[in-house]
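Each of the two complexes below includes chain A, the first together with chain B, the second together with chain C.
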Partner chain A sequence: MIARDRNWLLIFATCVALAIIYPFFAGGYQLTVIRDALIFGLFAASLDFFWGRTGILCFGHAAFFGIGGYIMALVTLNDAIPFGSLLGIMGAVAGAAFVAAIIGYFLFFGGIRGSYFTIVTLAMGVICQQAAVSWSSVTGGDSGLIGIPPIEFDLGGLHVDLSQDLPSYIFVSAIVAMTVLALWLISRGRWGTVLTAIQDNEIRAAALGHNAPLRLLVTFVLSAAIAGLAGALYVCMAGLVAPDLSGLLLSTEVIVWVAVGGRGTLLGPVLGAIFIQRAQQTISSFNPSLWPLLLGCVFVIIVFVLPDGILSIYARLKGLFKGRRRAQ
Partner chain B sequence: MDFLITTLLNALTLISILMLVGLGLAISFGLMNVTNLAHGEFVTVGAFAVYFVQSIGGSFWLGLAAAPIAGAVVGCILEFAIIRHLYSRPVSTVLATWGVSLILQQGLELTFGLGAKPVTPPIEGTLDLVFTVYPAYRLILIGIAMLTLLGVILLISRTPFGLDIRTVIQNREMAEGVGINTRRTYAIAFTFGAAIAGLAGGLVAPLAIVLPQMGVNYLANAFFVVIVGGVGSIGGLVAGSVFVGGLTSILNYQISPSLAQAIVLLAAIVAVRLRPNGLFNGASR
Partner chain C sequence: MSDILLQAENVGIRFGGLQALEALNLTVRDKELCCIIGPNGAGKSTFLNVLTGTLRPTSGSVRFLGHDSAGLPLHRIARLGIARKFQIPSVFPNLSVEDNLKVARWGAPSPVRPVGELLELVALGNRAATLAGELAHGQKQWLEIGMALAIEPRLLLLDEPTAGMTPQETLATAQMLLRLKGEFSIVAVEHDIRFVRALNCETLVLHQGRRLRSGPFHDIESDEMVRDVYLGRR
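Then we have the complex of A and B:
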């Protein structure tokens, strides 16, 4: 096992252990705060899986989060549909994946990469938010939909009821941990290697027999599906869905979480999401319009000071000490 | 008949604005390969310049003169402080310019306060054309936009600076080799694009809802203009503007604006799939 993989697993195990012991020290409210942050962490990991592995930035990822959220809300609020929670989650994942498949097909097979892809996904996010606002007969317009029930379902004799704080925390943590681990295994396996090859030189990868557009498309669809799952989980925990969930600001925030946590690490973005949201809550309590201003500054600072995320401070310090030792 | 003419003029209004906003974007995105997500803010700054001049008692025309200056100042600072350091890092440019865009939006909101800002047009009333009656200001807007475009075409095709730009675009290394200061050319071209976008913002201010967040819609549409039209020629810019602006105006009559935008987006994606080099530039890549 390579040292880098061992380090990753070590950090992962530490995080899981912290997540397990956290409920023994924290009360109900703090649990829900971390739970919601973890859902956004899952969302960040989904973006990182695509952005970190392919180097292509999706600027409208919240569209998939919002699509998942709205589908979940519509399915569970409709009394005529049985097994609302399970069907809702499936519908949310499928809906987000479907939209990603259509848009991704045209873009990837049309040879759209890099900045062009970023721009088109940005517009996609803008349009999704507008659609959520203006299609008010279905989406509830500006005020959104409220009264979404908590997740509750029976699966193989197991009754899952997430109306209480602790079960919902455990459920979300387990899903986040399993998804991050699965994404990591995919990234470091053959699939991830081919993606890296495509990122380095797509023509060469294609010459070696890899269907580059298809690989990118499948990765994008998987990433969108997980974002849809995160959206579905979030609206059930929050009890409401609003146009902001598919908006440009959330699309932007998730990029910051990934960039601060460290692109391509999968775990870093989850931690980034948790920490930045704590910071956001603190700052917003002083003045709500201060947050986007600071967010903008964070973007500029990341680019110029910390291009590899917060975790890179550690690596850089290590490099600094090593360099000094060598100099002596 | 008059319905047809009105639709046509409405489309022409939108197309003119898109051409002006898209021009700066075609320079930075298409030619310098810089994805500037703060481009929409040049439009916002231009519109706010007109509002500001009017609010301290100046006339609309004074405001309209201030708009491109405001856009140019912001663009020049942006180029100098951020973009020129990131020419080799495209994703970083995206992040940094988006950060600047957020800072500008919130800065405007903190300075001027919440809510839409009123801007009064210089001429009220309508003009009686033969077939239809049309707001006079919109006709002026179309006229100014066309004149500006003509000026830009002349600038690029007839002046020494235009020659420099064309040279740098064709081959940057070679241009440096023959003694053109490419950094300076890029900086001037970028500032120039920002000024034109600021002018577009000033022109559109009496018609639009002037908000700090107004830029993003122009940003998305202008990018479509550039992507659909293809980069590297004024013809592509015009083709892209006609495609996006025309389709939007026609659809706006039939369906709700956001559905219309979604359809335009889909049409743009399909157009890019079919003609990756742009509508104007032939089929092969």
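Then we have the complex of A and C:
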């Protein structure tokens, strides 16, 4: 256990170091590509915090990403609101958390778990996307909202202006690193241990005095809040928000990122998001319609063959060799 | 009679057309040890479910420290001071033995015993880092008793604590409970007669949902009717 913690911190430190040196070698465009991939990585980590620790899959996580994005866009595009960037981020986080709290309350306290939870959240994602398309007076309908300004605010004498490539890259990297570290600390401590216990046997955990539905709900709300934060960051970097950001495709993609990167590792999903988006760009340059097809295949393969992620191949091989050695 | 912890009066429960329990009375005093025995299908587990408040009786009442606990959420029942060990060992397989006990302590309103002491009490001192899923069956049962102890219960309800144990493990479990006797009340549901003999305590014999006999075990054991029921003659 302790060795595992050390390994995680080692990989984390390596990633942080790579993120620090990267700007010295990369140009502005490459920085923005990695920056956007990192935001999706944060989104993947938020899903992993819930899915990896509770074993319950949310199939509509993009809804929270989209809610965060739309709130950020509406707040910053409204000139009447002062401190738009800061208030927008806070509103995005709070809005996503609020929706998750309402939906989560009825699901968790109503005893909805497992595949039923997945199906209901799938519907929630579809509803959110549909709402974004239909409520065009506010959301801009299919074409979304454009012209969202970059993040800019003053905090304690520090002026933050993210209209340039390098500052925005640094800002996003720092937020992703701090959030992932914080989530990891929560997961390995008391909170995460009790969640593992609930995942193993919820009735038993309750019989020991743990309020399992409440704990699941708080975890879900925290996960949604971070997804909302990622959505808010993304729309400011991209400058636009559209219904796709809360759609089924993004919900599926984030699951694949987490599954490929390794569920329950928090860091793996961030790396998974970066690598898969890289692959997506390469493959889409041959043929744009190839990507969704490939993504679907990867998803099905992972669900059937590698439910614990690509990283589990290593553990399985190790187990196989161990078994062989024992057999000889 | 202020030392009465749990009182079940005239408890009956009906599942559709089946009268599963009928007119059962049980009084558990503070720090008392008692056993409920009976052949398969006698209603032992159902009665235990009624006692913990997970099943609401269709007639009669169950009061724990004077409160009606029927229908409370599980974690509230636990916080009243009722710990329960399930029939099938239900530990957390993906957590270490130590973490299992920690999770149990964290759920308690005011845990007293440190994890180290719990480990010693249930004879798992040298397995602290083992994943609970890798323990032998008997050790899982002990770990679960340890988890029940961790919440510092007023009342410990054990549902067939020795199911699937070897005779040696069964006796060790009985000795474990005898050591704990006097700290809190224990109600054990069992059908292993050797275990009940080793505990030698107040015993209630159920048969087809009704009280057949009750009294000290040595009286019960010599009772002709009880023997008949156990041997299947009636």
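Criterion: the second predicted complex is superposed on the first by the 309 of 328 C-alpha atoms of A that agree within 3 Å, B and C clash if a C-alpha of one lies under 4 Å from a C-alpha of the other, contacts with A are read in each partner's own complex, and residues count from 1 in each chain.
By definition in this document, contacts are C-beta pairs under 8 Å (C-beta built on N, C-alpha and C of every residue); 3 or more make two chains touch, one makes a residue touch a chain.
Just so we're clear, the structure is a prediction, and the values are computed from it rather than from any experiment.
Novice: After aligning the two structures on chain A, examine chain B and chain C and state clash or fit.
Specialist: Aligned on chain A, chain B and chain C fit with no clash.
Novice: Let me test your reading of the model: by the given contact rule, A:177 touches which partner, first (chain B), second (chain C), both or neither?
Specialist: So A:177 meets neither chain B nor chain C here.
Novice: Per the contact definition in the header, classify A:134: touching chain B only (first), chain C only (second), both, or neither.
Specialist: first
Novice: Which partner chains sit in contact with A:210 here, chain B, chain C, both or neither? Use first/second/both/neither.
Specialist: The answer is second: A:210 touches chain C but not chain B.
Novice: In the overlay, answer first, second, both or neither for which of chain B and chain C A:226 touches.
Specialist: neither
Novice: Chain A residues in contact: does chain B have more, or chain C?
Specialist: The partner making contact with more of chain A's residues is B.
Novice: Quick check for you: in the superposed arrangement, does A:39 touch first (chain B), second (chain C), both or neither?
Specialist: neither
Novice: What is the contact status of A:296 with respect to chain B (first) and chain C (second): first, second, both, or neither?
Specialist: Touch partner of A:296: chain B, not chain C.
Novice: Note down the smallest distance between any C-alpha of chain B and any C-alpha of chain C in the overlay, whole angstrom.
Specialist: 11
Novice: Can you pull the chain A residues that chain B and chain C both touch?
Specialist: Of chain A, no residue contacts chain B in one complex and chain C in the other.
Novice: Which of the residues in chain A end up touching chain B in this complex?
Specialist: Residues of chain A touching chain B: 55, 57, 59, 103, 106-107, 109-112, 114-116, 118-120, 122-124, 126-127, 130-131, 133-135, 248, 252, 255, 259, 289-290, 292-293, 295-300, 302-304, 307.
Novice: Can you name the residues of chain B that touch chain A in the complex?
Specialist: Listed in rising order, the residues are 29, 33, 35, 37, 82, 85-86, 89-92, 94-96, 98-103, 105-107, 109-110, 216-217, 219-220, 223-224, 227, 256-259, 261-262, 265, 268-270, 272-274, 276, 285.
Novice: Quick check: in the complex, which residue numbers of chain C touch chain A?
Specialist: 73-75, 77-79, 83-84, 86, 90-96, 99-100, 102-104, 106-109, 129, 147, 150-151
Novice: Could you list, by residue number, the parts of chain A that touch chain C in their complex?
Specialist: 1, 190, 193-194, 196-197, 199-201, 203-212
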